[in-house]
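As written, the chains take the letters A, B, C and D, and residue 1 is the first residue of each chain.
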Amino acid sequence: MIGLDKNGIAKRIAKEVKDRYYVNLGIGIPTLVANYVRNDISVEFQSENGVLGMGPFPFEGEEDADIINAGKQTITTLDGASFFDSALSFSMIRGKHVDLTILGAMEVSQNGDIANWKIPGKMVKGMGGAMDLVASAENIIVAMMHTNRAGESKLLSKCSLPITGVQCVKKVVTNLAVLDVTQNGFTLVERAPGVSVDQIRQSTAGELHIPAHVPEMQLD
Amino acid sequence: MIKKTVANIQEACEGVSSSMTFMFGGFGLSGIPENAIGYLSSLDISDLTCISNNAGVDDFGLGLLLQRKQIKKMISSYVGENAEFERQMLSGELDVELIPQGTLAERCRAAQAGFPAFYTPAGYGTEVAIGKEARDFDGKMHILESAFNADFGFIKAWKGDEVGNLIFKGTARNFNPNMCGAAKITVVEVEELLPAGSLDPNQIHIPGIFVQRIFQGEKFEKRIEQRTTRPRS
Amino acid sequence: MIGLDKNGIAKRIAKEVKDRYYVNLGIGIPTLVANYVRNDISVEFQSENGVLGMGPFPFEGEEDADIINAGKQTITTLDGASFFDSALSFSMIRGKHVDLTILGAMEVSQNGDIANWKIPGKMVKGMGGAMDLVASAENIIVAMMHTNRAGESKLLSKCSLPITGVQCVKKVVTNLAVLDVTQNGFTLVERAPGVSVDQIRQSTAGELHIPAHVPEMQLD
Amino acid sequence: MIKKTVANIQEACEGVSSSMTFMFGGFGLSGIPENAIGYLSSLDISDLTCISNNAGVDDFGLGLLLQRKQIKKMISSYVGENAEFERQMLSGELDVELIPQGTLAERCRAAQAGFPAFYTPAGYGTEVAIGKEARDFDGKMHILESAFNADFGFIKAWKGDEVGNLIFKGTARNFNPNMCGAAKITVVEVEELLPAGSLDPNQIHIPGIFVQRIFQGEKFEKRIEQRTTRPRS
């Protein structure tokens, strides 16, 4: 595998988390983002199962079955946290009170469509809260590998899988690159360390706009 | 005061029968009505339609009803972590309707609050929107979703009093409050059942008017699905 | 004035309150009903400003500005009471969780329409929660005087004032009579003590069905 | 943690101007944002649209803004008990939109929760329904009502913490929680402002995410509108 590993992707995305943001993190790579957010800014993590102000995992022996995140992992809460029901949780999401949503994807298309809930006939886990999140969030970043296990691009001109939402993704961070979704399709913004523009071009099936200068990601 | 206490799980579930629609509170295995599920899995009822965010795991939660093939249809938002579920779904034995989690919560709340339908942006342009009215509000597309219509709602609360007032704990709250009063009969199991007057009227999550039957659960296993910890350093 | 006084009307309506009823009482005569409900049955009073399990007025010196009923009167609460927000309060009402609604009216028509919120050009206090209540409640009893101050009937073939709800009133209790609203218009059910069927007929402008036998109200 | 505390009422109200739409919590005089109302009545702003269940009394609550003719339009469910209000309304100086109380609460909640519109049976067949879409659901007629769109929401809570978590007291709760997060900027005055971590996370009525600014009110008169008592016997 070239470019970043999952933690590297999380580390790069953490730089998009700004002071005073309420952030919803999806399962998988997005969960790792919490580990890399600067500690000189104020951020609160929301989990759609009904908690705001999530903290780290509990110490062994202190797990509470009644305090979990959306990935069903045992968690803790920080000072100022709150618990609430599912309807109010999605009021936060649908009502645009959450500032940033970070989630994984199987495919993203050049117009910002996202597919991450179903592979017909093969895998049907369901959308969970993802359809509500992508339909309402104004600031959505997708965290994923640039290609699937078969080496095929996950950045497409059009999603081949059933989509989760239309024209909603604004930014994609992969093991190879940071890309914005613009009117020109994908616009290459940054390269992962050691990855060439050519490698990114070859791994991107959707329309790719490449500016004259593409800087390398700064991870620290 | 109007008392809602029933003696036991048998009395709490009186009237359940095959082909009914049930709602179950809980997210993953957190806040599920364990006692009701256990009892329902011992009954000779089937062809159930179950509304629940998740479908339990193979040997716990709604997995128990799936194992006994009591469920005809599941309405959920996320059904991973259950191999038997996947098998029944892919073989066509089980009908599955997957809906967005926020839509699921709001369809419960709409039933509770007497709203027949509402517009939400969730699912617009996806499979979920097929056959549903789509409508533009202020330049954004929404789809029309309807209130659930269920026979029984099975709820797990932390503390409750004899008039049915409820307090939930942590993220075990989840869909439970939204499902109270959303079905014809709301059945609540609590960890601690208290006399009326024991709970602060200002700190009640769900007033007793939304509850028909309440009882103290015999046993709560409260299984943890993903035990994640950090080292003491 | 012939027939019952306000307390008499309230006393008669109290007999309609059954065991295990949740009841919403409007301002005016309906509020008095609470004083006459049998004390061997279980009843809870809901007030749409956000309280269930209302008790009597507080003792002097114990009034709390933060604990009032929908008439803005200081109240107390009983064991098992709860406070909640306005949205949840109307979930109880709209969702048909309240069993009985008792409210006052300026006019009721023979098809069950009710007018009680506005006299154009003269008095515009607003509908408060009345429109929500009458639109959703399955069991609505109107408490009012049979005629207005000018001696005109308030039971009409059609409301002359702007209506609060359509075809919703099931029963009317006045100073003169108990009437059901049926497909035949108003059906006389009971006479107030000392009031003749003729007096009721003369005071009722809407279509009035009078059965062969009209018993006198039993108030105790 | 994201702190929402502001130093004083001036900072809390920064950005208010003429022709804006404001929401005010409260039922009658109970749970109204007294400090904000007092301060707004001292400012040179007018042509306001005010969403509030009631309009205060002549010399308290929104009556203060009415006296100074700062309000162009009131959106309320009940406006009795205010002579100056009645005078302005009947003379045509004041535009008044009366809506059902449950509809008012839900239009706030819809704004908070991101629903553009909802169907309710309240008001069908009445003046309130004029110009609104009517629709049959399961044989019952409903009308389509829309979410409010306000610039500032002024809220009164009992206790709050520095991240904006709120707890209300008794029936002073009323519309306050439903209005939090329903306007572009939600300004909360509390009787007691506490450090984060002081409130039980399980017993918070409104999480701080719905609040932009919070401050401790200087003075709460908490006037009683109808002082009713019973004799000690």
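Operating definition for what follows: a contact is a pair of C-beta atoms (placed from the backbone, for glycine too) under 8 Å apart; a residue touches a chain by one contact, two chains touch by 3 or more.
From a predicted model like this one, the values you see are computed outputs, not experimental measurements.
Path length between chain B and chain D in the touching-chain graph (shortest route): 1. The pair with more inter-chain C-beta contacts, choosing from A-D and C-D, is C-D. Measuring from the averaged C-alpha position of chain B to that of chain C gives a distance of 37 Å. One simple way to say how far apart two chains are is to compare their mean CA positions; for chain A and chain C this gives 56 Å.
Inter-chain centre distance (chain C to chain D, centres taken as mean C-alpha positions): 28 Å. Each of the following residues of chain D touches two or more other chains: 109, 114-115, 120-121, 168-170, 201-202. Of all residues in chain A, those that touch two or more other chains are 51, 83-84, 87, 90, 93-94, 136.
Chain contacts in this assembly follow no simple pattern; the graph is neither a line, a ring, a star nor complete. Listed by chain label, the pairs that touch are A-B, A-D, B-C, B-D, C-D. Here chain D touches chain C in the complex through residues 27-31, 53, 76-81, 86, 89-90, 96, 98-106, 108-109, 120-128, 158, 168-178, 205, 222-232, going by the rule given at the top.
Those residues of chain D whose C-beta lies close enough to touch chain B in the complex are 114-121, 137-138, 140, 142, 146, 167-170, 201-203. By the touch criterion given at the top, residues 20, 22, 42-44, 46, 51-53, 77-84, 87-88, 90-98, 136 of chain C touch chain B in their complex. Taken in their complex, chain D has these residues touching chain A: 1-3, 109, 111-115, 161-163, 165, 181, 195-197, 201-202, 204, 207-210. Listed in rising order, the residues of chain C touching chain D in the complex are 47-51, 56-75, 83-87, 89-90, 93-94, 113, 117-118, 121, 124-132, 135-136, 162-166.
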